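These are the structures in question, set out in turn.
Shared chain: chain A. Partners: chain B in the first complex, chain C in the second.
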Partner chain A sequence: MRIDALWGRRALLAAGAIALLCVPLLHLSDYTMRIATMTCVYVVAAAGWTLIGGYANQITLGQATMFGIGAYVSTMLFVHFHLSPWIGGPLGAIAAALAAAVIGFLVFRLWGAYFALVTLALAEMVRILVEYAQPITGGPQGISVPFVRNSLWLLQFPEAKDYYEIAALLVILALALARGVQYSPLGYRLRAIRDDEVAAKLAGINVFRTKMIAFMLGAVLSALAGTLYAQITGFVDPDSVLSITLSVQLALYAIIGGAQVWWGPLAGAALLVPLGQAMTGSGSAAGAGLAKIVYGLLLVAIVVIQPLGIAGFVKDLRFRRRKPAAPSQAVSP
Partner chain B sequence: MAILQALVNGVLVGGVYALITVGLTLIFGVLEIVNFAQGEFLMVGMYVAYFSYVALHLDPMLSAVLAFGVLFGLGAVLERWLVRRVLHGPEISQIFLTVGISIALQNAALAFFGADFHSVHVPYQTASLSLGPIPISVPYLLAFAWGAAINLVLYFFLVRTDFGRAMRAVAVNAVAATLSGINVSRVRMVAFAIGAGLAGLAGAVILPYAYVYPTIGLQYVVIMFTIAVLGGLGNVNGAVIGSLIVGITQALSALFLPSALQNLVVFALFVAVLMVKPSGLLGHSHAH
Partner chain C sequence: MIAVSKVAKRFGGLAVLGDVSFSVAAGEIVGLIGPNGAGKSTLFNILCGIIRADDGEITFEGRRIERLQPHRICQLGLTKTSQIVRVFAGMSVLENALVGALLHARTVSQARVEGRAALQRVGLAGSEERLASDLALVDRMRLELARALCTRPRLLLIDELMAGLNASEVGTMLDLLRALRDEGITLIVIEHNMGALMRLCDRVLALDAGSIVAEGTPEAVSRDPRVVESYLGEKFARALNS
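Entry: the complex of A and B
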C-alpha cells in the first residue's frame, strides 16, 4: 500500500512536470505566455529564498543580491567577452554561491531581526558597489544585453514566450532540488534549526555548515533565475535586480505560497506574478500601485491569519477532512 | 577647515537622523518588533506636510505637528488591529507584517499621488547662517532644532512621567509590568503610535530640503536600521549617539570618497560593529 502511494505520488509529480512543459501546446496568446515565462523565473528565484528563509527560518532580506549577481555576471561576460549565457549563467551561479559563503560567514552568528537587518545592509552595499562600477556594470542606468541573433547557443530569442521551455525546465530542476532537500537529512537538519537552533546544536548538528549549504544552494537557484531574467528582458539595472523591493518580493512569493514546503514558491508566484503583470499591464502608475497594494495586504493577511501561507490552509483542510473519522472510531470499539 | 565644516554638517545631519530613528527604537524597545514600515510612515508624514502646504500654505515646521497627529492615529489603529496579533507569533510574521504594511502604504501613495517628485517652497530654503567662517544651512538647522527638542521632550517623558516610566517598565520586563498593574497592551499601543507619529513629524521637518515621492522611505530605511542597531535596538539614548556617529561618518567620508560611496562606509561600519558586538554598540547582551 505504502509503496503504491509513493509511486502514485511520483507519477503525479511527473505528470505535473510534463504538464508544465506542455503549456505551449495550448496555443495561448503571446502576452499570456510572456507572463507564464516570467512566473517561472520568479518561482525559481523564490525557491532560492525558501531553502534558507523558509526551511531554516533564517529570514534574509537580501536574496535579490543572488538574483542580481546571476543577472549581472552573465550579462557582463556576454557584453565584454561575448561568452554564451550557457557558460555565464553557471559562472554567475558560482559567483553567487561564493557571495553567499562570504555573507553567511558574516551573518550566521546573528539571530532574528539582526540577521534580517544585516542581510538588508549587505545587499545595499552590493547595490552601491555595482552602481559605482559604472564602466563595467553600466552604473545606475543599467546595461543592455545586445541582441545578436535568434540562437539557442546565445540563449537569445525574439520573444519572451520563446524562453518558456527553458524556464519551465529550470522550474522543474529547482523544485526537484527543493523537494529533495526537504525530505533529505539536510532538510531534517534545517527543520531542527528552524524549530530550535540551540536544541539542534545540542543534538550534534553542525548548525553553521547546515545553514551555509542551504544558503549557497539557494543562491545558485536565484542566480540562475537572474541570468534567465536578463536574457528575457534584455536589460539589467540595479533597480530591477538588486533592490530591496525585489528581495522583499521573492520572500513574499514564498511566504504567501508557504515558506516551509517545496511547492510554496510555485503556489505564491503562480498566484501573484500574473496578478501583478495583469494589473501593471495597463501601464499606469495607478495600476502598478494597485497591484502591489494587493501584494501588501495579502502579505499582512497571511502573516496574521496563517503564517504557513497557502500550504498552511491546505494542511488545515486535509486535517479537517480526516477529523470526523476520529470520534466515530472512538465510539465503535 | 574642511574637516570642521564636515563635522558641523555631520552633527546637523545626525540630529535629523536622531529624529527619524528615535521612533523606530522606541517601538523596538517596547514591542520588540522591528518596524519595517517606519520609512513609509516618514513618507506619509512628508505627504501630509506637502498637502498642508499646497492646500493651506502651512509651513512644514508647523504642519509637523499635524503630521505627528495623523501618524499617531494611523499607528494606534495599526497596532490595535494588526501588530498586536503577531507579537507572540512566529518570527516570520513579526518581520513580514510590517513589511506588508510598508508595501501597501508605498503603493497606495503611488496609486493615489503618482510617482512624481514634489517639494515645497519656503523663504528660508536656501538661506544660511555663518558660524564664523562656517556656513550653516537654515533648513538643516531648523530640522536639527526639532530633532533636539523632540529628543529632550521624549527623554523627560520617559524619565519623569508615570506613563513614560510604565513604558520603560514594559520594555524591561512585560510580565513584571503586568504584575505591577500596568496595562501592557495600552502602553504598547501608545508606544507604537508615538513611534509612528515621530516618523511622521520627521518627514514634515525634512521636507524643506528633500523631495517627497512614494519610495522615499527606502532611501532612509537602511540608514535608520543602521543607526538603531548601532545604538542598540530599543535604546533611545543609543539612537542619538548612533545618529551622530552615522552623520559624522557620512560627512567625513564625503571628504575623501565619491558621494556615491558615502553610505558604503556607514553600512560597512554597521556590519563591522555587529561582528564584534552582535547586540550593537550600546545594546545589552540580549539572551537568545
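Entry: the complex of A and C
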C-alpha cells in the first residue's frame, strides 16, 4: 500500500515534468511562450532562495547577488574570452557559491531582521561595485551579449521561446534538487533550525555549516538562472539582475507559493511572473505601477490569511478531505 | 566522566556562578538542587556549550570542552533537556526525535526507526504523527527527552523533568531514568521534586548564589544546615527526613 503510494507519487512527478517539457506542443503564441520561458528562469532563481530563506527561514534579501553573478560571469567570459555559456554558467555558479560562502560567513551569526538587513546591504554593495568596475562589467549602462549565430553550443537562439526547453529542463533539475534536499537529512536539519536554533544545536546540528550548505546550493541555482536570463534577454545591467527589487521579487515568489515546500517557488512564480508581465506588458506606466500594488496586496493577503502560502491552502484542502474519511473507515472494518 | 573546575560566569555585573568545581563519575546519577536563581540552569548551559564560561575548565571523558560549540559537545556525547521546553514546534513528534537520531544515523529512514524506538521508551508511542506543538507540556518534555536520547548521550543533563507529573508518572519517569543509567548513561538532574530526587540520586550537589554549598548523599545534603536555610526551609527538611 505504501509502496503503491510511493510509486504513484513518482509517476505523478514524472508526468508533471513531461507536461512541463511538452508545453511547446500547445502551439501558444510567441508572447505567451516568452512569458513561460521567463517564468521558468524565475522559478529556478526562487528555488535557490527557498533552500535557505524557506527551509531554514533565514530571510535573505540579497538573492539577486547570486542571480547577477551568474548573469555577469557568463556574459563577461563570453564577451571577453568567447567562452560558451555552457562553461561560463557553471563557472558563474561556482563564483556565486564562493560569494555565498563569504556573505554567509558575515551574516549567519545575525538574527532575524538584522540578518535580512545586512544581506540587503551587502547585495547593494555588490551592485555598486559592479557599477564602478565599468571597464569589465560595462558599468551602469550594462553589457550586451552579442548575437553570434543560432547555436546550441553558444546557447543563442533568435527568439526567447526557443530557450523554453532548456529553461524547463533547468526547472526540473532545480526542483528535483529542492525536493531531494527537503526529504534529506539536510532538509530536516534546516527545518529544525527554522523552528529552534538552540534546540537544533543541542540535537548535535552544526547550525552554521548547515545554513552555509543550503545557502551555497541555493546560490548555484540562482546563478544558473542568471546565466540563462542573460542569454535570453541578450543584455545584462545592474538594475535588471542585481537590484533590491529582484531580491524582493525572488523572496516573494517563494513565500507566496509556499516557502517551506519544494514546489512553492513553482507555484509562486507561475502565478506572479505572468501577472507582472501582463500588467507591465500593457506598455503603460500605470500597468507597471499596478503590478507592484498587486504584489504588495498579495503579500499582505498571504501573511494575514495563510503564512504558508499557496502550499498552505493545499495542505488545508488535503486535511479537510481526509478528515471525514477517518470515521467511515473505523465503522467498516 | 566529567570534571568541572573553578567555573565562573557573570552576566554584566551579576556574578551568576563563582568558582564552581565538582566531578561526576561514570554511571552516577547526581542531583543538582538549589533555590531559584542559584545558577543551576546556567551551569547546565555552560556544560553543554550554549553559554561560554568566563573562567574555569571542563573536562569531559578526558577532553577539554569549555570552548567547544554545543553541537560538538553533543557529538562527544553530552546534551541536555531544557527547563523551558524546546521542541521543534512545526514538526511532527516523530520528526523531532528523528532529528536527534540524524546525528548518528546514515539515512532518514534509519533515523526514523531510532526515533520510533526512543518515543516508545518515553511513552509517546502512538503520537508519532501529531504536531509537536499540539502536545501537552508534559508530553513535550518527554519528547525533548526522546530527542536527547536519540543523540546517544553518555552524559545527559536533565533540567526539571518531573514538573507537572502526577505521582504514578513520576514513578514511571524514575524507572526510565534508572534504566538509562543501567545502560551506561550518566545523569545529572536538576529537580525541585525532593522526594523523587532522594529516591533517584546517588549523590546531590546543592548550589546557592553561584557556589556549591553542600555535597553528599541525598540524606546528608537535605540535613545540611546551609541547604535547609537557603532552599528547603526548616519545616520541609524535617518532614523530608522524618
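Everything below uses one rule, namely that the second predicted complex is superposed on the first by the 324 of 333 C-alpha atoms of A that agree within 3 Å, B and C clash if a C-alpha of one lies under 4 Å from a C-alpha of the other, contacts with A are read in each partner's own complex, and residues count from 1 in each chain.
FYI, a contact is a pair of C-beta atoms (placed from the backbone, for glycine too) under 8 Å apart; a residue touches a chain by one contact, two chains touch by 3 or more.
All values derive from a computational prediction rather than experimental measurement.
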### chain C versus chain B on the shared chain A, clash or fit after superposition
fit
### Query
Touching A:Arg109 in the superposition: chain B (first), chain C (second), both, neither?
first
### Message
Residues of chain A touched by chain B versus by chain C: which partner has the larger set?
### Response
B
### Query
Touching A:Val207, do we find chain B (first), chain C (second), both, or neither?
second
### Task
Considering only touches as defined above, state whether A:Gly8 meets chain B (first), chain C (second), both or neither.
neither
### Query
So, A:Ile255: does it touch chain B (first), chain C (second), both, or neither?
first
### Message
One more residue to check, A:Val118. First (chain B), second (chain C), both or neither?
### Response
first
### Message
Touch test for A:Val198: chain B only (first), chain C only (second), both, or neither?
### Response
both
### Query
How wide is the angle at chain A between chain B and chain C, using CA centres, rounded to the nearest 10°?
80
### Task
For A:Pro146, select first, second, both or neither according to whether it touches chain B, chain C, the two together, or no partner.
neither
### Query
Looking at the overlay, what does A:Gly289 touch: chain B (first), chain C (second), both, or neither?
first
### Query
Looking at the superposed set of three chains, what is the minimum CA distance between chain B and chain C in Å?
10
### chain B/chain C common contact set on chain A
198
### Message
Under the stated contact criterion, what part of chain A meets chain B in this complex?
### Response
57, 59, 106, 109-114, 116-118, 120-122, 124-125, 128-129, 131-132, 197-198, 244-245, 248, 251-252, 255, 259, 285-286, 288-293, 295-300, 303-304, 307
### Message
List the residues on chain A that touch chain C in their complex, please.
### Response
183-185, 188-189, 191-192, 194-196, 198-207
### Query
Considering the complex alone, what residue numbers of chain C touch chain A?
48-50, 69-71, 74-75, 79-80, 82, 86-91, 95, 98-100, 102-103, 107-108, 111, 144, 147-148, 150-151
### Touch list for chain B against partner chain A, complex
28, 33-34, 82, 85-86, 89-97, 99-112, 114-115, 214-215, 218, 221-222, 225-226, 229, 233, 258, 260-261, 263-264, 267-268, 270-271, 274-275, 278-279, 288
